[in-house]
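Two complexes come next, and they have one chain in common, subunit A, joined by subunit B in the first and subunit C in the second.
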Partner chain A sequence: MVRIKHRYLLVNILYPDAKYSPLRPAATAGDDIPYTVQFRRPSPDQMNGGLLMRLIRDGVVELFGDYGSGKIAGSLQVKYFSSATSTAIIRVSREHYRLVWSALTLTTRLPRPVDQPCVIQVVRVSGTIRKAEEEAIRRARLSIRRAEAAAKSSSVSIAGTIPTASTAAAAGDDDFDMINGIEDPDELGDLDDDDDG
Partner chain B sequence: MATDIEVPGVTETTAVTEPATQPSSITTGPRKKKKNRKRAPKTHILGQLTVRNSPWSYILLQHLTSNSPATTPALDAVTAHLQITAALTQFLGLHGAAIPIDILKTEGAEVWIRVPAEDHSALLAAVGGWVSGKGEGWRVKGSSSWDAGAMARDSGQDLFDD
Partner chain C sequence: MFYDLNVPYSANEAHLSRTLAFISELGYNVVALNHSIVGKLPPQITCAIPDPLPFKDVPPKLEIRRRVTLTLTESYQNARLAELARAYDILAVRPVDERTLQLACSSLDCDIISLDLTQRLPFYFRFKMLSEAVKSGKRFELCYSQGVLGDSAARRNLISNATQLIRASRGRGLIISSEAKATVGCRGPWDAINLATVWGLAQDRGFEAMSKEPRSVVVTAQLKRTSYRGVIDVVYGGEKPALPEKDVRAVDGGEGKGKTKQQATTGLKRKAVNEAVAGADARVEAAAKPISNREAKRRKHQARLSSSDAKEGATNGRVGGGGDTALASADGERKEAGLQPAMEAG
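Coming up: the complex of A and B.
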């Protein structure tokens, strides 16, 4: 029985362009909110897992043609998508996950019903969906802490020095990425929950 | 035939040769003494270099159309480039269309092209499986790593000719 190994990509959809967001940011323009907090907006309601699948497939066809789309088609699946946090977990086969990664990196717009400019950022690649989930939770907590720190400091400070200190402390948490890198190594005893291929 | 030129690394001998009626005849006559044999001096090889991997791959393609060969115009380089790029785009996308193709010569319905060696099989697969809207296609007649004539590894088409 052949085990088909997968890779799970944890993906953030960022909206750097403020005027395209469906929501207004809670703070006014003069506040010193870090960009990492500003970019993370909820996605529009029409955005869902199916639309993301279509986006990836069209991207891979454009970049890698019939060959590329044939390589990933069997095992491509959006395992989790939350429009509130604009986070998704995408499953790809282990040998060809880079095709999907590059297609995601080179997307500039969400497809037709939504049609907004965006940036898609792959933040984690792991061999099991559990590790991807844990990473998503860790990052969500981190961004909440950063948002709170930014809100607190903007209400306290008059000069610009205090917010930079507090955001620097929060920024120390994401050196984790720099030390460990985005890709998780395969570990013995990793059980892939869905081996249906 | 007397050899006057001494090529280092090559040993040549002169001998009286008798005309042979069949190419693979076994000479059973008395052994001819080779009196005029010039022995080349022992060669001293200073250095040797063997290059196995060519950076390029030369491919010969034949354009196939549904029209009769008499009525089709001769293939030009622009049409060839357009069609090969379309084939690569369909099979390999943007990544495939970025493969650099040099058109060396067009003659009749044939075109000689050059691609980097690592893209050889990608190009053959793309071009072999492509059909245009009007039913035109490409057939690979041969390829080579070193020879621009591109028939060193031929496609074996003459196996099917009577």
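Coming up: the complex of A and C.
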């Protein structure tokens, strides 16, 4: 019996617009927050794994129709979603992960209860969930460091915002090392993968 | 290094700075701000994009180029294209029909051919035409942003045209860029590569279309504008160190001392000393230089030739004889050169 192989997409939701910033609801512009923190801000509370699942299904139906949605329906699963870091890990079968990926890429808005413009970036495609997890942690760390650097360099005193940024983790992932390829080199490396039979 | 060679320039500072910051956040390293010209060229061609951008929070790691896209309409004049190219870093043309595409592929001196893929194009791409353009260093552009932001018809056309373009160009000489009019239209480099993969471009070709091909566009465009005949360019000539007055004198003094010392030892005048030193150096070099294998072989061959020529010289007279003398003189010279160091040593 051959095991079903999966791909784990480490996904990162970015918010390019300033309007909905929950960090400073009162401030209209929010100019003093560094851009990197603005883009990688926490998702709203209504956003959760189920909503992400719906978003993906709708996207795949729109792009690939019944065929695509039927193909991915069996294996699609949101393994992890953190609204604090706007990070998610999505599982799909290995044959069809590109369908899900392109559906994520062509998403421009989060669905109804949230209804914000967003950009969803896939930062890692991995054969095991453990690799995806390690990568998520690494990127979260990097982006905190980056936010701190940005805060230091901007002359405006943002003593109020930075602790919230680093502790409440407005830190998503970072993309310093995307140059070396996005996919894990180990094609058959999901031996330590314990979540499927 | 990831390149996005089509970010529309807008005079709105807040929007542009946000877009640039976002692109940098997504992982791009080089960005070309695009200015589009439709119709007639203005009488005075100047770069519409200010050189240091007017706002201060440009991401420090982002390299910014200036690009112009000229839509090739019916009444298009070729004469001022070079002038336009000089004003910007990158020149792109946008053909609207098959005739202008043919023109752009064959004769126009542009860097990028950017087709509007969201419209239904009334012609097919042919490999011959595209490969001609790619050979002469032009690149074709796939802009994905219309597929992200546009409606379903635009997306359908984009996918159809992109597939055609990928098929006809066989995946070579393409670049992927965003042409994102809003910040939401930008996508990460790998996301765009995946889109192109779904459209039929192999993943390694997609990666090249994001990194290698646009780099070649940027570099050749720069070479065309700054270098001597596109071959030699001074990247950094180094600063000429300004020698302070005191140092110059000190150096002079040092030389003077050395001269007197030399004169004292050899008892010759400066010129003579210098000549002797130079001559000795040259001879030592000639003697010390080991004969290369190739040279040795050549000499051996010539020796054999001359000996055989000497034998044959009796039978067929003039030709062999001429060769013989030439070889002999050459040998003689070499012998002289070899002898000189020996004489010097003696």
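Structural remarks
To be clear about the criterion, the second predicted complex is superposed on the first by the 152 of 197 C-alpha atoms of A that agree within 3 Å, B and C clash if a C-alpha of one lies under 4 Å from a C-alpha of the other, contacts with A are read in each partner's own complex, and residues count from 1 in each chain.
Heads up, the rule we're going with is that contacts are C-beta pairs under 8 Å (C-beta built on N, C-alpha and C of every residue); 3 or more make two chains touch, one makes a residue touch a chain.
No experiment lies behind these values; they were computed from the predicted model shown.
Between subunit B and subunit C, the partner in contact with more residues of subunit A is C.
By the touch criterion defined above, A:122 reaches subunit C but does not reach subunit B. Of the two partner chains placed around the shared chain by superposition, subunit C is the only one that A:14 touches, whereas subunit B remains out of contact. Of the two partner chains placed by superposition, only subunit C is touched by A:39; subunit B is not.
Contacts of A:101 after superposition: subunit C is touched, whereas subunit B is not reached. Shared-chain residue A:114: touches no atom of subunit B or subunit C. In the superposition on chain A, contact of A:65 is made with subunit B only, not with subunit C. Residue overlap on subunit A between the subunit B contacts of one complex and the subunit C contacts of the other is empty.
The residues of subunit B lying in touch with subunit A in their complex are 88-96, 125. Looking at the complex, you find that subunit A touches subunit B at residues 60-68. Residues 14, 16-18, 35-36, 39-40, 98-99, 101-102, 104-106, 108, 117-119, 121-123, 175-176, 178-179, 182 of subunit A are the ones touching subunit C in the complex.
Here subunit C touches subunit A in the complex through residues 1-2, 18, 21-22, 25-27, 57, 147-149, 155, 183-192, 194-195, 197-198, going by the rule given at the top.
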